[in-house]
Amino acid sequence: MKGYASLSVNKHGWIEKDKPSAGPMDAVLRPIAVSICSSDTHAMHGGAGELINVILGHEAVAEVVEVGSLVHEFKPGDIVVVPCNTPDWEKIALQQRNSNNAHDEDLMSSFKFLLRKDGVFAEFFSVNNADANLVLLPEGVSTDAALMATDMMSTGFYGAEMADIQLGDTVVVFGIGPVGLMAVAGAKLRGAGRIIAIGTRPNCVALAKEYGATDIISYKNGNIVEQILSLENAKADCAIIAGGNTESMNQALQIVKNNGTIANINFFDAAESFNIPAYNWGLGMSDITIRGGFCPGGALRMKKMLNLIRNNRVSPEKLLNYKFEGFDKIKDAFILMDEKPADLIKPVVHIQW
Amino acid sequence: MKGYASLSVNKHGWIEKDKPSAGPMDAVLRPIAVSICSSDTHAMHGGAGELINVILGHEAVAEVVEVGSLVHEFKPGDIVVVPCNTPDWEKIALQQRNSNNAHDEDLMSSFKFLLRKDGVFAEFFSVNNADANLVLLPEGVSTDAALMATDMMSTGFYGAEMADIQLGDTVVVFGIGPVGLMAVAGAKLRGAGRIIAIGTRPNCVALAKEYGATDIISYKNGNIVEQILSLENAKADCAIIAGGNTESMNQALQIVKNNGTIANINFFDAAESFNIPAYNWGLGMSDITIRGGFCPGGALRMKKMLNLIRNNRVSPEKLLNYKFEGFDKIKDAFILMDEKPADLIKPVVHIQW
Amino acid sequence: MKGYASLSVNKHGWIEKDKPSAGPMDAVLRPIAVSICSSDTHAMHGGAGELINVILGHEAVAEVVEVGSLVHEFKPGDIVVVPCNTPDWEKIALQQRNSNNAHDEDLMSSFKFLLRKDGVFAEFFSVNNADANLVLLPEGVSTDAALMATDMMSTGFYGAEMADIQLGDTVVVFGIGPVGLMAVAGAKLRGAGRIIAIGTRPNCVALAKEYGATDIISYKNGNIVEQILSLENAKADCAIIAGGNTESMNQALQIVKNNGTIANINFFDAAESFNIPAYNWGLGMSDITIRGGFCPGGALRMKKMLNLIRNNRVSPEKLLNYKFEGFDKIKDAFILMDEKPADLIKPVVHIQW
Amino acid sequence: MKGYASLSVNKHGWIEKDKPSAGPMDAVLRPIAVSICSSDTHAMHGGAGELINVILGHEAVAEVVEVGSLVHEFKPGDIVVVPCNTPDWEKIALQQRNSNNAHDEDLMSSFKFLLRKDGVFAEFFSVNNADANLVLLPEGVSTDAALMATDMMSTGFYGAEMADIQLGDTVVVFGIGPVGLMAVAGAKLRGAGRIIAIGTRPNCVALAKEYGATDIISYKNGNIVEQILSLENAKADCAIIAGGNTESMNQALQIVKNNGTIANINFFDAAESFNIPAYNWGLGMSDITIRGGFCPGGALRMKKMLNLIRNNRVSPEKLLNYKFEGFDKIKDAFILMDEKPADLIKPVVHIQW
């Protein structure tokens, strides 16, 4: 079968591989819609080690074509939503908390596609623990919206959850790329009052406002920290870092009040370091809480996300402002994401077989 | 009246000041037992800015000598326990969470003694919001034990609380000075299984074991991180930083598992910086939570601490291994704490009038 | 001064009383808008014991006319929002959790108006701990919206908070009177997916949908429990009881799934009893959590509520569908609330002096 | 193979059945120690419906004799601890919270033995999801202690966890049978100050004190509620119901303060009803939280329990005050538990093959 792969560091293209087969708890799927994520291009450039001949992609809505002998909930022909994190539910660390890190010491161990096996930019791909990880596409939810739930919405909303937003809180969101935009939407859905989003690109700014941002701060207008502090002459209750670099943590520490919370959903580069003056963290005495992670996986989380979409609480499909038709267009969409034109938010490829 | 003061940076001695008077919600007290804390000597050396002619001391059990017109719960002659943090309860930030930072943007704003007014090493000292901050010394609790509850126990236990210890967790405590020893005791009281304490001094090691440490790690035996990881061939669930420096955070990040928690109760120096490779924090994706703070103030917290002592759950008075008798001995005790001989854990001065 | 009072059980009318004076931490206020609550009429009918010559009313926006000597944040002329619960912040039980019950063993001890002193249907009324309980009416928030924040919104939202709603949950709200309607709005603001509201009156049904209800269930269409269970062929994640009687608890137990949560914000009659077959509560093994309470008091909570209104997250003023002008109209509004015509949601009286 | 079974309601005895075989994720075990629980005798008497020819028993330490093709962590010969609740980890409701109810609408769905398949009083028994449910008996933990961790300790401790005990709280435990005794020990391990246990039998009273009870209340000395309230002239922070009947809930509501917590770990009879005057629950306004459930299942929880035992935090084997040797003695032990002599706490049967 054909797949779009990282061939070596900085090199990508079509590749031919064997169709995956289904182990007893697995399903084999055929994608009907996929989206490209900056993690795919980042990985191709060596951001997660050298990926040689590994098929990329981890956001998909798909059709079941084969199920293992122990799979009871799905059958060929089912249209399913595939969460980007698919935990091995027999791992016991998951019994304490469902997190993409819960398996073991291995970072992000429930993130299988692309890091631990071939991804979804293929004619066929497999999913472990199908019964516990897949969800039928519900009536009343579009393929595009469901596709954006698999990673962007689940990750952005995890930022809002980790930030422990209380009703009426003032929340700052660093970055208004697709994950940051979903963090804004998630902050609104958890009951934030004022939502201050940091970003510049005009179509992202417009969408941030539509998703609930009340204020937009741009580095083009001066120092970010000073601009935020001047808005209410007060610090924020929480911050969500959904973009930027390690310096964003210092900025967050300066604009979040004592007792506040900083949630990170930004993937920092392995070469970066945080350099935080002790004073910024109140000499260790500020009662500020710092958390960071990637979205939890599994079917239940995905069902909750889809329940929000189905009840018109959020419209994540608005992120998809570049649309492609046909499996072969995965290449164009990938190159687009790699080049990142200024108006790109997120591309989708619809596939008919 | 007489008090023992920071006269200028690095200079300390007796000073003569006016006796404080009681505002409507205040009490004026006369100490009957005080202890010296490294924060007192640290402040005298300029650690909290230049303290000129400020009476030091923030750990005391005392006798009420005067109360303001709005104080209803106490009267002259009462023997009371004085928490080191005495919030202004009319400040509204406290309505969300009782923390020593809850007043406003000002760091550690409920820590009044020494930073915001004269401390307890005096013939008389005042306490704001007396009804909400003082507690009668209960029957069955010794003065020494109560004295250790005012800061050491409350702060060490706050570390255990912030670490969010679950029954059977493995917990690492960095530092076994008096606060670290109380963190060990607090970890045991929250239900930790294995408690690994990092420290070297023999009498502290012995006391750490008595308070619940199951393993002692010393830098003298090699790399701290490697020693801890080799104990169970697994990472810990939580770490409490109660000593060391900003590098301890890097060590903590390396020995706490994904999804774990790091609680800091160490006061870092304003000149220090954290330098944390992004990799240590799992590129922001490890689901490790980091919290840091100083003990919450007020009477209710102090009552809970005293309830533990009265029911024989903990014996914090064992920290007091140097004892002085008489108000004038505050000077000797202070110099002792400043010089920190290797066997010093904590000195007490008992005062009779 | 004049006030509208409960004269004896079932008897109400105007009364003449002395103008209150301000203690050192109090403020004396003059109402500019008040609303009548069914608690006011219920109390007049003896629902909270015999109220003789007690001025009623506990929802007000008002002008400060006098402040005590220890009040620093307010001055005569300030227009303030008055939370219906005004805790005595020097009471230490509040240090653990801000709840209207936190003072002591006395139920709802922070609810002062009407139960513990004269209420707001008067030319003047007093507020204890003014600095910690009052909030300036912010720019951009109407008097009507602020008035609805003082009790209806804060109490309805407390139901949503106690229900511990997670993103995408299905929530059932029992009752769509004004508090129930605010519970619906609160459930939406905490991120509920499907919101099933139980009620019948057409204008309340319409408003419930506007506030976020996706489904309306009416007892007129048959058994409530069966109707709800048939909607998704599944139980709900949480229920909020904001109306009905003790039998509502049995219904809630039948429609909430194992591990779910039931939050009560309904004031049950002292003569009622819960009669719950052990089977309904899973023989004690269902992991269903049951909580109940009245809104927390104080200025910070009120600020958070006003922050939501100012940022257009909710429009509680839509509850006010009967409007009166003039202090003397308090009587008409009170009688209206007592008679409860079918189309009444909530009456407001605007007062000019 | 031979097993001790409920033959019909009120009738029990040895039965001959086929040896179970291992499905792909299962293990087949041979018990080396079992204990009888009142749930076993209760079930035999029809307490969980009519059990016809069902082998009883759900507390076991055992030897692995066969594993399914997908089991990786265990092999024949391993000695393992078997939690009484063994969830099907592929069920998605478990992804939100590990609870014995998390599978689906079916009450206590992770409790398989005895209710959903043959139990452990057999020559062989099977365990589903072996990798995720079994734990190797750790070095330094006795068979007897591990046996008591499988249900008694895990359930009693769950009571302490649900009660949300904070450091220094006063906790009341209703009932000092084996589960209640473990609730006492659990309350101590979570940091309770005063622990008031309600019970009468002398050896249980002695063990309650050893496990941490500071006060013992007996119905023989008068009204339980009055006795407790007179101890401190104050209500308790939390209560754990580990015995009694539905009337215990009314008692708990009267001795727990507003804002407190009531945790139930008592299995109520299906024929019982709670009859709770609204006044006891503060007319719904008391901010008291009520929770109830049975211990969570799975390997991780069991590991945490064993970690406590291995580090000498608790000695649950002290519950075992009747000891039997030999598989055939299961009958005697069962009859003993059914007859419940006054001095029986818990019987163990050691088995050698």
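Lettered A, B, C and D in written order, each chain numbered from 1.
The rule is simple: contacts are C-beta pairs under 8 Å (C-beta built on N, C-alpha and C of every residue); 3 or more make two chains touch, one makes a residue touch a chain.
Remember, predicted model here, so these are calculated numbers, not experimental data.
Participant: Any chance you could name the chains that touch chain B and chain C both?
Facilitator: Looking at chain C and chain B together, the chains touching each of them are A, D.
Participant: For B-C, find its twin among A-D, B-D or A-C: the pair where over half of the contact pairs carry the same residue numbers.
Facilitator: Going through A-D, B-D or A-C one by one, only A-D repeats the B-C interface.
Participant: I want to compare two interfaces, C-D and A-D. Which one has more contacting C-beta pairs?
Facilitator: More contacting C-beta pairs are found at C-D.
Participant: Between chain A and chain D, what is the gap in Å from one C-alpha centre to the other?
Facilitator: Chain A and chain D have C-alpha centres separated by 41 Å.
Participant: Pull out every residue in chain B that's touching 2 or more other chains.
Facilitator: Each of 93, 96, 166, 303 in chain B touches at least two other chains.
Participant: Could you please specify the touching residues of chain B with respect to chain D in the complex?
Facilitator: Those in contact with chain D are residues 157, 161, 166-170, 186, 188-195, 214, 303-308, 310-311, 313.
Participant: So in the complex, which bits of chain D are touching chain A?
Facilitator: So the residues of chain D in touch with chain A come to 24-25, 70, 89-96, 98, 129, 131-132, 296, 298-301, 303.
Participant: Across the complex, what residues on chain D touch chain C?
Facilitator: Residues in contact with chain C: 93, 96-97, 99-102, 105, 107-108, 166, 234-235, 241, 246, 257-259, 264-279, 281-294.
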